[in-house]
């Protein structure tokens, strides 16, 4: 069966502060600049959530888009939208909410809900101009 | 020679209805939801048509863009634009016009017009938020 | 109180056919071109729905956005999304579903739900490149 | 001299919480919904800052764009970008940081820097789908 | 009859240099900065061409969009696309090709092709972030 | 460590002319069409500059975005923005400034500034509809 990628794009609005607890105030400011601003700031994050798999020849679909929307709503939007990532989201208690880490967290939220035969990729836009892509735990050399 | 991807983006407006003839009315509604609405609905489809190949060192091009535009116009736009996919396009008489199948149909329309040394990928946007990608008959494992 | 415009953007996918019953087949084709294609075609319509009024100094809002979203959902999206405008929507039984007329129909759907002190404008994108704007029954000379 | 509008588009990332101090917790939640989330959330705000005036026939400009960029940088971006609007920006100590109020605050920041013969309008996108427009203290009836 | 605005969006790619012949080299550099770079630079200009008029109740259109497209193609695209505005376009022999002046030139190209009862507005995007709007020879006070 | 892609999007405005010195005037016109227009034309080029590497588990970043922005500013924007590519940029003295060659030139400008463990990809938008992608000197078969 041919392999197809199916992508659903969603948005969520959240605030965050880049900060590493083990760094001094000076080092945090030097490394993260204005993203270290003490009371946080925020973004309209856009996530492109891509599932790759074989086409179902009967329905003509890789995965029912309605099902994918429900998974994203329950596992991602409910936990991240209109939240302060540092204070409201347990996954960021110990790790810095950079775009890279947010993409990895979203991947880990969705991965267990998908069948094993499907691959998953997360592209996260922090702004229109700052974008990260995470393709899961295989190395980029194997996958991309 | 370095490999380069050249992408041309085109749009076409078409209507469709998701429906599998062998399914009952109830099953069609359950699987396809509002996309099964009896009189159809429509989209401004956007297709990113990508050709991958070696750079021609003389012209500095992978493929003359004017030629690619002509191929797309004659094989894709002419057959799909301002059409009812279910009723007007023979390729969808037997298969369901999902985004996945539309991408595969476009791939099959363009593939015979390209030299063998060029690869072809079709990314189709049904809406800004629903996107599929088809890279041809090789498995995703080999290619991507 | 200062006047503010509040705009909510929504999208809906629908199919239509431009056709005037009193015209001959030849005249319909001459006037409407490929938009007269017999089995219809479709678009992802985008509507910018703008309400203009005085700021409520207590809430800092012109109109509660949640209320505006509910009005749009119940009066516009429910009736137009995933529909064939010519066959499924009574407002277009007697009038041609041009972008101009769709904007006027949306204006008439929403207007009765708003307080008299609020003005209403509808900007409708049929595609990214074809756009109409309707500001209601006052003449453009008075309003714009 | 013909009148021309000149618009500069800028973006800033900030966090905010919609909350009226004189309301009970229940009323704040009922009026502002998820936008009242206690630790705040954020947006990539986009502002279209428009200056309207007579064309300078010598330069062919309404206002030197470099000058407009400097005014916006010093009066708007410096004070709002990568900030928590409720906690870091004095203008929002007493007023609710709704999109409407943010647009008015930006208008008041820029207005004193412009010559009297120029009009000023602020269009603020909180997200791609939620937009406000403020044209200054004249009533909409006079101006628009 | 209700008044409706109909907008067609087109793009053209051109190069230009901002330069006033009567200015010294130093003054040109001070006023126009990098836009005065001697060999010119370029843009993908986007023009939103808006016609405002009464709805034709029979067709449901303000103006036939096919006709508007032809007017734009023949009067604007043919003369500006893939051109060096300073060297190839007679209208800019004596005036500086700023965004403001380009919008006025486009207005003057299209105005004679439209019926007297129709108003015309030109919104020109030099980049996504630099935009001008020209509504014709009436003052902004009368019109906007 | 998981592999992550980090993309920074930048824009620059430049002019160019497609022309091969060893071709006759007739052949240049036939091959390059309106892009061969003698005095050149221009574009707002958009470049997506992607760095692929291992996540730094301490900072949660692949590469400090501030550093990446500085590299792009100094090596790309400074040399290409507001320039005539054919006349002002030494890299195009001997090669044709097609989108393909511009992407390769940008890749060569940035590559020496990055650590060896990082991969680099350049996606260049000449217009919204004409896009090229260059992933470096490995063959597409190995990489993609």
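Of note:
When the chains are written out, they are named A, B, C, D, E and F in that same order, and each has its own residue count from 1.
Going forward, a contact is a pair of C-beta atoms (placed from the backbone, for glycine too) under 8 Å apart; a residue touches a chain by one contact, two chains touch by 3 or more.
Just so it is clear, the structure is predicted and the values come from calculations on it, not from any experiment.
Note on chain D versus chain E: their Cα superposition corresponds to a rotation of 120 degrees, in steps of 5. Relative to the C-alpha centre of chain B, the farthest chain centre belongs to D. Counting every residue number used by either copy at the chain C-chain E contact, under half are found in both chains. Remark: chain B and chain E have CA centroids separated by 35 Å (rounded to whole angstrom). With each centre defined as the average position of its C-alpha atoms, the distance from chain A to chain F rounds to 27 Å.
Each chain gets a centre from the mean of its Cα atoms; for chain A and chain E, those two points are 42 Å apart.
In chain F, the residues that touch at least two other chains are 128, 144.
Listed by label, the pairs of touching chains are A-B, A-D, A-F, B-C, B-F, C-D, C-E, D-E, E-F. Those residues of chain B whose C-beta lies close enough to touch chain F in the complex are 2-10, 48, 50, 52, 55, 58-62, 64-66, 119, 143-144. Note for the complex: chain A touches chain D at residues 11, 13-16, 34-35, 37, 39-44, 81-84, 87-88, 127-128.
Contacts from chain F toward chain B in the complex involve residues 18, 20, 22, 31, 33, 95-101, 103-104, 128-137, 139-141, 144.
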